[in-house]
């Protein structure tokens, strides 16, 4: 059994790691940390876990964590994960970092978008961006995985095959219109996520200024593609629905477009749909459902993906990465169906 | 036009006062206050009001408010309304206080339940509990109205006719099971009202310890009745559904029970229903829908009410009180139908 | 008092007409019809209206309706409004038809998209498309108004000023990504609108095949613009949020874009926002909130609108049209603020 | 591997059986039936199952089902399960029937509440009521299990220990106030479960007339207790929160009440809570969370339970019963944590 620690266990990502790892046959959770609730039982802060964990939350202490655990999921927040992760890597541990601290390879970009200096530039170069369907081989050899953001996951998976196919007209912008459930905003209460403010509403936010823009652009930089990105706060708990308006070099038919997606036909976690994906159909699972639609003009394709932001967009993808890093069957612990309704 | 001020205008009660008073023909709002957003346009903090108000929020200053306004709605929070309200009354103004500060006539009870000393005992004695259907005459002569709490409003209105009828068996407890939408918890974000914590859930809280228990008990003390009260946080924005299990002295039929409610037949804001009330059917309105059901045993009646906690349970009832205090038609500004769906 | 009838009064549009007209000072509702609930009290089918209407539902009979009413709102469904509307117009009445039967001026297009022959081609030519901000003068002289669809309203209002300005690059498609609350699908229950199927989900539908596409295209045909249109079913009751990705002929700054919208500065029902509109802020009102955002590339603008699909997208716009047809102040009966939260 | 069939696989109970059985190590699903969707892929009617089942739906044919399967879950609806279940039992199969057809041991009661004759009286006597915590031993020997209704499960589990303890005052009625998510009403769309009718509402229904009343009364008949039962339609997908106001023979303290519940301390699927249970904390799981609260008067206790109506209230309990009938570890396939948020 692999001894695993979760740093920052009381947020939604930490909670979801606990839920999924409870079903993982090769893992034992030995340590859970929280800055604000140290000394409290994890199941007190997360009552749904009653009966599944008798661990007590501790303040994060890199030495203590490294002593007990061999693999660490860091669900600490941006700018606060940088140092702890570095400590753990230096102690010879494997780490999946779910913050943004090791995602942007450009220090300049990081410092601009996260308003903080990057203090681990050497380690940054060794971090691997943890999108398994794309970087499987690099992940297998990595010690530090920068787990992708939820929006980038929902956008990049449907984008890659098309960009690789050479069919995308990169002189026009790729438009990404992405709607996210509220758990994506984290567990700390804010004005914007107070129930009556969100419920029965829909609102775009950070139009043109969201931090996931540089992350998406980095990953598609090789294709010299530009994006316009609009995220929305959706009054549901879980799920991101991403609609991509994809400029094409030539007119393409429905069949031609679907053929591009066949590249994914052997990917267990990607389900190719012949109807528009619905976030409700991936809830609680590591699936990314994708469909593509030709338009009457033919020079723009509509590609739509649905993921659960807490699973494929965070904890599930992190476990997928762990499975690869450990040389296990990739799907271990991630094979339960979605929950519907 | 009556010059009106709203103290604490950016919370949900303040917002609802703004919405309803915008439709009131006899009123001009001259001043809105906020401790945290002073200097900001009201419509910036409440974007739905764009086009309806160009007022700028001010810090509460009793002298300034008294200078400009003749009637004040105080939507300040518990313990913080006491002094400002007293100042305004001393300046000769009429005030409807929507906090609990002048509701409990027992200083001892207030200090126990609100953990603060009551510093305006003399004024407390002059305050009138603002339940118009019950205290209409006293309200007409009052300068200070203690506007009832939302749960007490939903419980007392269906209870009164039965208690007055003498049919209630006061040796057994009256059970009040009351489910409230989240706006009842106010606009300040908290862990418990964070969207993903509330959504798709239902949970009782403050079982046996809610502050509205002494308020309800005070109002039915004359009948020597005891209550058990269980409130719930319901994943909707507005509405309180109150189910009362009422012990009866004798077996009563459906007809006999309905007859007791006929007392309300001329009350515009009370609608007697022949089917279970639904909070959705009073949304946005000052109605209290009530129905009663006999049980097969006959010695317990089920009385159910539905109100909008922000209207009949707060701002609407406050305006109703103002109308009575000013000698206007009681319904002025409160005659729009509910909004469905 | 104008004598008004509502044909098809028990659906959501009919219900909303009842709600809004209850606040209209110049109107008396004399007749309400329903095919399935004739003989039943309107307030039985719409309990929120208890106390506001003692009318009994009748089967639609053009002669009877024409006898009692001088102005008719038809909320009958597509293909079923055609004949009744024609009857009423022939009887010399004024009609606002909320179905699609008189919206598409091309008989061919109508018959293709609605799979039914158009049997009133002569009358079709006289119908005026009821978008008041655009066709105010024609509406004033019309007897028959084809009230716009909800999606077209949310799309056309933000589009017009830009198309008129000549800044739109019509060689590229205008992308319209529009999310609608469930009341837009009507009151008849279906698999797709069953609560657990919709709740906690988000799904596009009719991608590239929605009936509102020809309606939007007709209205912008003069500008020779083409659109791509993606609608979504959003798990809320009311509201359409429309995001338009607008191709521009030249790079435009934020200031230049906002200047285009100033055309609307005197329109009461259009509110120009400096932040992204939220459907929650127009709920229950006839407002269309609009904002525009420049993109870093500069050659695409993001224009966003929020409306309440049942008000500005249906009943409110219908009443606005009536006000214009009758020569009344345009805003009569439509001046209540939105309801928040 | 046990060969299992699901009759009525496209409703919510059938869907949930599919979801849970996909994680069960001892079971292979060989046959799924549907009257309305025969010939269609199960994953077409339940897209969340894509990748988990390539079965095609068949019309129910008892002989065919009996040929392929050794264990059958019948999720057919009330009155329609009676004959098929009898056929399968006669063919020597084991059956868990999730309808009400074999729950009421009184033929008279069945025929009154379900308005249909009972045609399998002999088999009815052999059916065992499948509440594992209470009837474990009988279940182990049974061929036919009548799986309990969702409301009875949520009510009986918290009631039993108190009734058995002899502390309940059966001269007064036990009040059961139970709020259910919409999936409890099934997957067929109706007026009452149409999204905009339910959303943002709360309404009691079948006050005093719900079919689960005789089921609960049957199970507590031995204690000669009477109940008052009020169910509500709650605007969430899953979950039943049951609040029981329990009359006591004597004043009992919090400690004394909690002691009664210790009877459950070794039951894996019952979690004793020291705070009010929340339906969100059992979502997707087979847990029944229970808490008890003393009242100030002391002669009434408040007992509260939370279950997922589709799991503990239907499919999960059915699988629990199967595990017992097959002699397997009781928890097999049911050990995943709830899903939060």
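Going in written order, the chains are labelled A, B, C and D, and every chain counts its residues from 1.
Convention: a contact is a pair of C-beta atoms (placed from the backbone, for glycine too) under 8 Å apart; a residue touches a chain by one contact, two chains touch by 3 or more.
These numbers come from a predicted model, not from an experiment.
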item	value
Most remote chain, CA-based centroid, reference being chain B	A
Pair joined by more contacting C-beta pairs (C-D or A-C)	A-C
Between chain C and chain D, centroid-to-centroid distance (C-alpha), Å	45
Centroid spacing, where centroids are CA-atom means, of chain B and chain C in whole angstrom	36
Centroid spacing, where centroids are CA-atom means, of chain A and chain C in whole angstrom	39
Residues of chain B engaged with two or more neighbouring chains	12, 183, 196, 199-200, 235-238, 278, 280-281, 283, 341
Chain C-touching residues of chain B, taken from the complex the two chains share	12, 15, 18-19, 22-23, 46-52, 183, 200, 237-238, 268, 271, 273, 275, 278, 280-284, 287, 289, 335-341
Residues of chain D touching chain B in the complex	172-173, 175, 177, 179, 196-197, 199-205, 207-208, 226, 228, 230, 232, 234-239, 241, 243, 245, 276-281, 283, 293-297, 299-300, 302, 304, 341
Touch list for chain A against partner chain B, complex	12, 181-183, 187-191, 193-196, 198-200, 235-237
